[in-house]
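Look at the two complexes coming up: chain A is in both, with chain B in one and chain C in the other.
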Partner chain A sequence: MSRHGTIEKPWQRWLIRIGVFVAMVILCLPGVWVILTAFRPNIEVLARPAIWIPQQWTLDNFARLFGYSSEQQGLPVALYFRNSLVISLTSTLVAIVVGMAGGYAFARYSFRGKATLFLGFMLSRTVPGVALSLPLFIIWSRIGLIDTSWGLILVYMAVNIPFTIWLTDGFFRQIPVDLSEAAQIDGCTPWQAFWKVEFPLARSGLASAAIFAFLTSWNEYALASQLTRTTASKTMPVGLMDFTAQFTVDWTGMSAMAVLIIIPALVLTFIVQKHLIAGLTFGGVKG
Partner chain B sequence: MAEVSLKQVVKRYGNVEIVHGIDLDIAHDEFVVLVGPSGCGKSTTLRMVAGLEEISGGTIAIGDRVVNHLPPRSRNISMVFQSYALYPHMTVRENLGFGLKIARESDAVVTQRVNEAAEILGLGPYMDRLPANLSGGQRQRVAMGRAIVRNPDVFLFDEPLSNLDAKLRGQMRVEIKKLHQRVKTTVIYVTHDQVEAMTLADRIVIMRDGHIEQVGTPAEVFERPVNTFVAGFIGSPPMNQLDAVVGSEAGRAVATLSDGVRVPLPADVLTRVAAGQDVVLGFRPESFAPAGHSLHGDENTVRVQRTVSIAEPLGTETILFTDFGGREVQAKMLNPRPVRSGELLEFTLDLGRLHVFDKTTGRSLRA
Partner chain C sequence: MTFFRSPRAVPYLLLLPAIVVILSVVLLPLLVSFYSSLTGYNLTKPATLTQFVGLRNYQRLLGNEDFWWAFGRTFLFVTITLNVEMLLGLGLALLVNKITWGQRTLRTVMMFPMMFSPILVGFQFKYIFNDAVGLVNNALFDLGLIDQPIPWLVDGNLANFSIIFAEIWMSTSIFAILLLAGLLALPKEPIEAARVDGCNPWQVFRHITLPFLMPFVYIAMTIRSLDVARAYDMVKIMTNGGPAGRTELLWTLMTRVGYQNSQMGMANAMGYVSIVLSIVFTFYFYRKLVGARGFMGGAQ
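This part shows the complex of A and B:
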């Protein structure tokens, strides 16, 4: 018997499974390849035919990154990492605080030009980031923000805030106004009502918004590569380009660095995912 | 002590006036029900008392304080919402104690008051559950519990039973009545259900289009509706209303229905009507019953033979549909016997409980 009254036959089910498997392989393969490459010697990368499973597992690539190798000078990975962390966390924090306030305002209040403003925020998402790089470069260079952390933080805030507003607006809309009103009748100030009732209920939305904002900033390359110059502001994705020379690319070193980029993103997602449980608002209202 | 007083209260949204200067005085411990069709302004009025809507004109006082500009938290009121509005992320115990915690009561006081409320409402077994794991009736009780723990001056109920099924609604109606008897507090209760209004209220306020049409005890609004709207709104099945023209017969004022039946007018309206005046005659289904199956005697009645189109047996009574005065009317047959559709019966109309309204203004012509 097929599940939920669907009418596909066994062979159709298998076809779907195979299709899903192929899609998963296509999606995962590059990532898996990067991780495997980070743990193998350079010679295996260039071997023909390709060696899929590393014959010789090694941590040399990471050691070289941090300068623990005799053959090659280390890269300022720690500085790149610090820059990435400071820039991503700061821009995410500001985007969440401002975006949450904005999303709440859009969800709860009516004001003149609301629909137009909202549409404007959404339209800003349609502009590809790279298209902004030249004007941004010119303005930033005039006001001295090139190669500063703040230069990138400002850019990422501008990118993340509209999206955070859009996302949190949806979450706040799902929370019945009655709850805030009930809290105010129970003795809360509007701020307490928000903080004690609406905020906990919107937490899953805010957590997803935070992940999106953080990952956007953490992974961004195009703008960062234009607006950064030195270790004062270069981020991890920009640092990846340090592995390309005029005629060669250090694939294993680049992969090792890519793994370092992936780890914080994975850790953050795991930490926040318990807040992503949906359906918390169910049951508060109606019978 | 908390009386609630509304004086010339107006609510406007932009240029649209929703509530048109209403006056209402509610005594301490009184149970007042605001009732009316959708959009009549009853919920808006309640929300203005709660402080959830600003008032555009007039004054609202709770006790001896004018509360026009006080936020909800400073009014010492509590409210049960139609949606219950329980905090989904808090257990029943936390929901009940939330208001007390906000008021910085000590843990001992919170525990004691929460337990008292839980006992009154029989919530003991559910205290550690989340609202999502409660039935509709249990949620309703938690909402009431949250309202009573704070010992408010005024309870506000905004259509609290409309999400419950009919049986549970009946039970909760009784519980609310018991609760009011036990926790003596002023209550303002909004509903569109006139049965709730009749059964719960000390006084009923009937509203329409932002105006108060009538304020009175359930008996008053039922027996002496001031206009055709109140007459049609209160009572189930509703009052029959037939167009008639005032004339005279053998020196007595009568109202002639469109099918030619002449109905003698009660003595107290005679000074208020003139020959040729259009009026509306109103009578409740129980005042128009098959002979021998009515509450009223045979004296002071008008007798007519009518064919029954539909009979609705309800057990202790049967509602009969028949044509009278050019319209379909409902009659209530007490102590019923089986009635077939198409059966010819003799109906008696009780003139003692006849209502007469001016057709133009709709106002009652009886004292």
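This part shows the complex of A and C:
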């Protein structure tokens, strides 16, 4: 018996299992292959005929990225990593604070122009990054923001605010208004009521909104590739693209860099999932 | 100044920072973009920013063969990928929904492609479809199916196939996860009632499950149409528009014209076409979403 009460024959059940298995293999294999490549020596990757089962494991590809290898002068990946981290964290922090204020306004107040404003925020999100990069390139060059961390932080704030507003609006709307009102009757100011009652309830939702914003900035390429020039502001995705400009493609080096980009994403996505489940089970609202 | 102290001002004050950021970092640049699309602005000659040419850039676009190829290819690319992703996502969600043991683990595994940024997905398939060291050709060689490497990213048609494959790999999960959430929220009573009334499984799916899932389909479509342009990153790293412009999309053509050929006025005109295209797609699905929600009596 499955969830909806249909009774499947054994062969049907096996067909379903095989189908799911094949789908999961297709979804995982490409990524796993790249991750494996990051830990294999170059000779093995280039070998003919192909070596399917890794014979040798090495961390040399990572050492090379950070310049701890005599073999090759690596790209300044450590700097790229620092830039990515600083830019993503700062823009996320600001986007969450600004977006939370906006989301709260949409969830709790009715005011003139509300629907138009909401649509306006959402439409600003539909502008393709590449199309936005053209005028930003012109303006940022003239006011000296090109190739600076701040230039990119500003842009990522604008990219993340609409989506944060959308998410936090939903989270705040799930919290009954009565709770804040009760707190205010008991003598809290609206400000205190927000921080002591509504904020703690919305916290897991805000955490997942923050992670979404962080990952958007962390993964962004189209804008970063045009608005950065040097190690002063280049981020990891732009750095990955640098590899392709080299004479021969360094597959193991690129894979190692890909792993560095994917690790924070893997960890954070896993946490979002937990937060989402926590958010759902917490929906019962315990005083 | 009394307005700012009144309670009516509170929502506006809360929204003020967000409005300021969006106005200055999105709306103002869009105005600059529109203005420069009406000029003959060339990056190498800064003075040309004031050289007003009216709608000539747009006129030249309409008569430009490269532009129409890129436009048509982009439209086809978006249509094919969204539809295939929807169908595969629906199939996957229905399959996983049938599995009772370990479903939560499957859902986590399904999220795997969503963790990859487009530039990573592009790199990954550039590697896997590489003719010399790629996984696909290696496998075909060792299975004895080919004796010459297949030029996945070098042949025009195969390159387009590879890019579409990569895009579908990246985004099918979004549909699958949202539709699975829909299936889990599906009420049991109407299905049991229909079955008692003698409906076969196909009729149940067609007349009860599918209409209930439609809002979820449109949510997924709306979310996807918001970021279709991220295919730019993928194409950039996989083929960079090549071979000979055969995989050029509107977005890659735009950067080539703007940054490499320095024709910023022209590139901004193209940028506007792409913005309108994105807004039309998003708006269409958003309207469908609102309609479907009304039909379901406000179901999320």
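Assume the second predicted complex is superposed on the first by the 248 of 287 C-alpha atoms of A that agree within 3 Å, B and C clash if a C-alpha of one lies under 4 Å from a C-alpha of the other, contacts with A are read in each partner's own complex, and residues count from 1 in each chain.
As a convention for this text, a residue touches a chain if its C-beta (ideal position, glycine included) is under 8 Å from a C-beta of that chain, and two chains touch if they have at least 3 such contacts.
Quick caveat, the model's predicted, so the values are computed rather than measured.
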| request: Could you tell me if A:T230 is touching chain B, chain C, both of them or neither one (first, second, both, neither)? | output: neither
| request: Could you tell me if A:W218 is touching chain B, chain C, both of them or neither one (first, second, both, neither)? | output: second
| Looking at the overlay, what does A:T116 touch: chain B (first), chain C (second), both, or neither? | neither
| task | Would you check which partner chain A:V197 touches, where first means chain B only, second means chain C only, and both and neither mean what they say? | result | first
| Comparing chain C with chain B, which touches more residues belonging to chain A? | C
| query | Which partner does A:Q246 reach: the first (chain B), the second (chain C), both, or neither? | reply | neither
| query | chain A touches which residues of chain C in the complex? | reply | 8, 10-12, 14-15, 17-19, 21-22, 25-30, 32-33, 36, 41, 49, 92, 95-100, 106, 108-120, 123-125, 127-128, 130, 133, 135, 138, 141-142, 169, 172-173, 186, 188, 191-192, 195, 201, 225-226, 228-230, 232-233, 236-237, 251, 254-255, 258-259, 264, 267-268, 271-272, 274-275, 278-279, 282, 286
| request: Note which residues of chain A are touching chain B in the complex, please. | output: 176, 178-179, 181-189, 192, 196-197, 200-201, 280-287
| field | Residue ranges of chain B in contact with chain A within the complex | value | 50-52, 71-73, 77-79, 81, 83-89, 98-99, 102-103, 130-137, 139-140, 146, 150, 163-164
| Complex contacts: residues of chain A adjacent to chain C | 2-6, 8, 13, 16-17, 19-20, 23-24, 26-31, 33-34, 37, 45-46, 49-50, 52, 98-99, 101-102, 104-106, 108-109, 111, 114, 117, 120-139, 154-155, 157-158, 161-162, 165, 215, 218-222, 225-226, 237, 240-241, 244, 249, 251, 254-255, 258, 261-262, 265-266, 269-270, 273
